[in-house]
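Notes for the one structure printed next.
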Amino acid sequence: MAIHEECGVFGIYDKSGGCAESAYYGLYALQHRGQEACGIATMNGLEQRCRKDAGLVGEVFSREDLAQLNGTMAVGHVRYSTTGGSLRENAQPLTLSYVKGTFAVAHNGNLVNVDDLRRHYEYRGAIFHTTSDSEIIAYIIAQERLLAPSIERAVANTVRQLRGAFSLVVMSSRKLIAARDPWGFRPLCIGKRRDAWIFASESCALDSVGASFVRDVEPGEVAYVDLNGELQSIRDCCGKERTGLCLFEFLYFARPDSVIDGQSVHAARLLAGRYLAQEHPIAADVVIGVPDSGLNAAKGYALESGIPYNDGLIKNRYIGRTFIQPGQSARESSVRLKLNALRSTVSGQRVVVIDDSIVRGTTSNQLVKLLRDAGAKEVHMLSSAPMFVAPCYFGTDIPSKEELFACKYSLEEMCRLIGADSLGFLSVESLRKIAPDCSCGFCDGCFTERYPIPVEEQGED
Amino acid sequence: MAIHEECGVFGIYDKSGGCAESAYYGLYALQHRGQEACGIATMNGLEQRCRKDAGLVGEVFSREDLAQLNGTMAVGHVRYSTTGGSLRENAQPLTLSYVKGTFAVAHNGNLVNVDDLRRHYEYRGAIFHTTSDSEIIAYIIAQERLLAPSIERAVANTVRQLRGAFSLVVMSSRKLIAARDPWGFRPLCIGKRRDAWIFASESCALDSVGASFVRDVEPGEVAYVDLNGELQSIRDCCGKERTGLCLFEFLYFARPDSVIDGQSVHAARLLAGRYLAQEHPIAADVVIGVPDSGLNAAKGYALESGIPYNDGLIKNRYIGRTFIQPGQSARESSVRLKLNALRSTVSGQRVVVIDDSIVRGTTSNQLVKLLRDAGAKEVHMLSSAPMFVAPCYFGTDIPSKEELFACKYSLEEMCRLIGADSLGFLSVESLRKIAPDCSCGFCDGCFTERYPIPVEEQGED
Amino acid sequence: MAIHEECGVFGIYDKSGGCAESAYYGLYALQHRGQEACGIATMNGLEQRCRKDAGLVGEVFSREDLAQLNGTMAVGHVRYSTTGGSLRENAQPLTLSYVKGTFAVAHNGNLVNVDDLRRHYEYRGAIFHTTSDSEIIAYIIAQERLLAPSIERAVANTVRQLRGAFSLVVMSSRKLIAARDPWGFRPLCIGKRRDAWIFASESCALDSVGASFVRDVEPGEVAYVDLNGELQSIRDCCGKERTGLCLFEFLYFARPDSVIDGQSVHAARLLAGRYLAQEHPIAADVVIGVPDSGLNAAKGYALESGIPYNDGLIKNRYIGRTFIQPGQSARESSVRLKLNALRSTVSGQRVVVIDDSIVRGTTSNQLVKLLRDAGAKEVHMLSSAPMFVAPCYFGTDIPSKEELFACKYSLEEMCRLIGADSLGFLSVESLRKIAPDCSCGFCDGCFTERYPIPVEEQGED
Amino acid sequence: MAIHEECGVFGIYDKSGGCAESAYYGLYALQHRGQEACGIATMNGLEQRCRKDAGLVGEVFSREDLAQLNGTMAVGHVRYSTTGGSLRENAQPLTLSYVKGTFAVAHNGNLVNVDDLRRHYEYRGAIFHTTSDSEIIAYIIAQERLLAPSIERAVANTVRQLRGAFSLVVMSSRKLIAARDPWGFRPLCIGKRRDAWIFASESCALDSVGASFVRDVEPGEVAYVDLNGELQSIRDCCGKERTGLCLFEFLYFARPDSVIDGQSVHAARLLAGRYLAQEHPIAADVVIGVPDSGLNAAKGYALESGIPYNDGLIKNRYIGRTFIQPGQSARESSVRLKLNALRSTVSGQRVVVIDDSIVRGTTSNQLVKLLRDAGAKEVHMLSSAPMFVAPCYFGTDIPSKEELFACKYSLEEMCRLIGADSLGFLSVESLRKIAPDCSCGFCDGCFTERYPIPVEEQGED
């Protein structure tokens, strides 16, 4: 319930125009991937325009903005950000000019060799306005473009230098380019609407603009739309790596109506619930889920176990960014403001409750209390994600080991601390089976401390 | 999906203070009843303070506001409003001063004799700042207080004059008073937290502030907290009327975790689905619901029919007030921005889809298209509300007959216009059975054109 | 430099329309009379509309607002307010409905019998939304209208009951009415532009809308535009009183290009300086003024004395409402942010510096220091207003005796405290001669404690 | 009345801290140099922070901002900008990181070789986020720092490459540096407050923070505060150029209480009026000025001619950025909203009116009409600036020749078009004499088309 990722990206190439409006609706469909800031850059002939700011898509853009942003290409970005102050300055896409003209970059992910890259280029005279990965990626692309025969080749040469998670959409004056890191950490797919091509973080964005799904961008691929409006691809830009799509995309980040690398997100969540039922059979009267992303796992558990599913927790939909949290004295009721138990479902019952994950344990503790106050006879807490044992270096906002529940306590202690009758987590082995249709390997580093890319000595930034 | 009610009310009497904060969280729990404006008035000794504005609870109040509003009583209000311009000026509670001091009024509902009352009092010299029902109610209370021995009796004398829907919370310098109209159109309940008393439109607001449910305010009752902090009641202020709680509270307005006049809202929605299944048996492969309020009826239908329930439509949670609707040319895709079909659920299937109601038919038409585009083999549309045949005079925002789908077309025509394989509505007879635990009679005037209060010649306002 | 008045009013009757736009420019010309809030109400046929809010005229109204406010009559208001919180709710005009329809009231001034009036009407059942004088005036007008044959006669009957300062503009569905209190405390004038009639607090507002000055509204007069568009007048509504136009209008409040009751404000300020020179001859090298309202008196002093005038203090024009005042430790430099001395004017010189008034003495002390730091050899401080010895009950924001410099110290002490070489004030006798063209008597109560209306036992409000 | 310059800069080095607050008050004193955007960057140890946005100083910074910006060095900037859209992104200071750490740049002026520089560096791999001069200056400093032994020497090496107007303040982690172009187009001075050093565009900013004036930065000098807090200087960074301080600084831009290169601005304006009187003797009754910057020239004319000075035009001080201009039909009255004539001064008189400059002639035409409407018998218009005959390439916003009044018409035609009885301009010869104390040569290119730097083929940007 408290894990965040950094971004969603969107790009469209449509000679018939109206690209800003499509980007608007595409970003809106990707809003769940980032609510802090957003932006759209468009290309109209040689003229690049950009509008970006802190806020939701529906707040940042006015009708006038979209009219002014008119063009035949657009890239867009939604951003989740942990930094407090300057939300506005970290908004993407980044727009730049260099010897070959202008270009824009939108980026989702996190590099692990960014400090090395920064040092390398600073010694050669680079100056940077921000500390973002995106700016250094843009810088390398511009440098490579001085030597490379084309912008797409410059992007490919850049990809070779980057280590970490990155799904990129790049817009030059005449081309739209998408690139996905060789490990495939983050999703990126390709859609088509008549003669228009679309790149997006998730397939739900294709649906929202009436485009049909074509295929995913492959790990390590640089896909682009050429001057004839044809989709082309560069696949030789880097060696073959062990692929590692983030499993949290299936458990939590992605929208259930998205299909990632061939796997339906909704189906994966149901499957996670089914495996939970196999691993943790419980004598109970009802299975409930924690809204929103725990509901599907609960339904899967019910299907597999035969215990009836019912709605047990109701979520308040209106919590906003400026909402005032209850004071310290009333801290135990902060969950109560977001969630309320359905007494008619849980009163007198033995309840299995499934959350998408358990990070620090504080929410789980309050949930158990909430359900007991509503009359639950027994409360069995299950997590459809395994125990978190390590941080993420690839863009997911997982706290340090010192704060991770499963790093500090044994399973027994955890169960006692949250006050449940029993506590269970999905095993890593089962987790690896929840996406059987997926064409990509997985990263489960936060559950195993084994990452697709060796990460040594990753200091705090 | 497009029906709105006007308001939610909240009142708290707590000698230990902190009433503004409780009102804040109480209103937040009632936010679904109105998102346009909100306000809180508090009483601290003889000093009354008020803060109200257009916007969500989380937007209108800052931490400083709550600190300044400190007091031992508070009344709060959330408002839905159709009027475009002056949202801010219609915000409640209304705060007033008169010969006996100051008082505040928060009101949910709609009077049918407001024009008569206004004319009557204007002839006697009244002047009004607004055209709201609330101001005239406040005016009558103040007039009656000149003659009555107490403020609660003045409220009782006022109740006698009002015809229509009203759930009121009134705060004088020393007393907190709640009144519900003799017909009981809108819900109003009583809670307790240690020595504190709470009045609220729905029981979910009691839960949010850690109060326990005591009972509902009865139709025609004036309940109040006296100077000793005891709950008292006036029940003789008007004759016994045929009670008529709005059935739309169960179908749509209220939160599923609320219990109204003894009836769980969640259970009522499941039951509506069960009756739908009995009345409209369909040979189908899957039952899906339209989020959010159609989901429970779909689950009830599945339970009764044995056809499996599955998630079939995913809702985008981020639509905001300034969201730009697609242009005229793309009008048919406005539903697509809010909802997306889960191909893995509906593709190749015979689908039963249940919405909470069908008003104009435009949304249903787009839903059917959305499902067919996602591969549904058959689409059977059911409404868990009966056909709308008449307007509401008691605060629910139902369009005029000219716009109501069921007033313009036969069932067959409707089915053809929305493009479904079949179309069905819950019968009024079944509707009356969805709330078996309810202690109150029902108003189903919008489905039958028979209202608890005769309404002749109700002109447009 | 720190005295404020409450308001400016404006009204226009123009059958050819565009009244909101004229009111906008008229209020803008009156902005110096109040910068806290403003509003415009218009009448279009029977439809009254209003837009008002906290802020400057240029901030509150958009082009769309003016378009929507279109009508054939308008009243407007700018407000200065000492109250912190609810600026917005105190904004005028007040718009009301009663048995005869709707009307709007804009009011400048302060009543001394408001508590008596409020008590009187509350006993008869009145309820009030605010504690403003304006609401009680509106209430009485509505009450009187029940008995009177016309709205203008109701206003006249109201005028009879009010004691204190009031310049009113009232707009009913068909008539525009202006009333000035029998003492004539505040200015109010009449202008004409083709067939249109205009009422305004100052003649500079007539100039700004291209109207020509007709005459002032007389003390105790109710002037109105009748149904034929002719200007009419009621003069018998109250007894003849000793008139008492506020002398501070000439010294400080009014714009120098206004003419009030026949007297040019600019000329009055020059004359104040001339009398100062006669009363306080000083051997000096240069005369300077404190911008903006001390400059003219300084020029008058120079003309009379023969000592050359020069600019000696430069004002920063950009101070805004949210400007951060320097911390306590740096308190003595707050004047320095607003004013800077011109070294080339004052260095090595014997300087006479003239301010419009001296209230608490703190500003004067800083001014003297500023001039000495810039090299002034001698600093002689003169005030073109006499010593303040008493509060104002008629709308001018003069602090209590406890805070008034001249109430706490002798002239010698004052001179020593501000650090000047000499200190002088204009005498009350001379003050009474600065407006020789004025057709009205004067109120100099704050300098003499003798008011046109006896004020006994005026408690703090 | 319609000429704008681009910026004001401020820098402070104060080991005792509180630099953000000083920058705040310093920028506030420089607000007349730019009202569109502003910003402050501070250095606290190695940590650089920045806050900048569109808006006035009093609007952009909150007390919390200043508290967070605490540090021992600060640079600040106020900006005037002609570009419509992205005010916010053009705000300065620019903050950057490179191999040696972080630095900030604030810049006032305009380069003429920016296109060459940009091309030169882009060919070597530079990428730019904006099209501003400031970014390219920052880029070159960072490049030069790779080779130079110190940041101040890198700035000196940068200065050598720049052609055009630039007054810079640069802040590195440990040093504060100020640089002025070799021609000295824009002012830049040095102040001291105890151990603190201050650089500012105008001396009035020194006064506002209680600092004393030390000296001006010389054209071509790079001044800096070294690690011991001592002021040092590099003067050999470029060849000796003919100096050319912008004469419009004296006529219009600078605040009258500033002293630039030894010359009092106030005294220069008086002198301009004196020379006007010598060149254009007129038989008149009164001399008036157009507020604010024409007033001093009018006083100088009066002193020289013996014709009495009087206030003749009153300015409305409250015009804001969102003020609604009158519609096309009422275009001739837009001046009337800002200015009103004092009838008591001009009625029946032969009037000499002095404006600081005449650009397009439209304002002058309206002014003459305004004065005649107020009863002036004759109106003689004089401009204290010579005729504009050429654009400015160094940061002053002068329109193209096609729009310049004096480029399109003869003196006679101009006089007829504005409707004056006579029209005169200060001669270029006299203009050159208005700043006798100035240690710097002048640029009068906009009056002579001869610039200190040859400008050939300066295309539109």
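A, B, C and D label the chains in the order they appear, each numbered from 1.
Rule of thumb we're sticking to: contacts are C-beta pairs under 8 Å (C-beta built on N, C-alpha and C of every residue); 3 or more make two chains touch, one makes a residue touch a chain.
Here the structure is a predicted model, which means the values were calculated and not measured.
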item	value
Those chains which touch subunit D and also touch subunit C	none
Computed distance of Cα centres, subunit C from subunit B, in Å	49
Cα-centroid distance, subunit A relative to subunit C, in whole angstrom	60
Whole-Å separation of chain centres (CA-atom averages), subunit A against subunit B	36
Overlap residues in subunit A, where contacts from two or more other chains coincide	none
Listing of all chain pairs that touch each other, if any do	A-B, A-D, B-C, C-D
In the complex, subunit A residues that touch subunit B	21, 24-25, 28-29, 31-32, 35, 56-59, 61-63, 66, 204, 207-208, 210, 255-257, 259, 264, 266-267, 292, 296, 299, 311, 314, 316-324, 326-327, 333, 336-337, 340-345
Subunit B-touching residues of subunit C, taken from the complex the two chains share	68, 85, 88, 94-99, 119, 122-123, 125-129, 131, 138-139, 142-143, 146
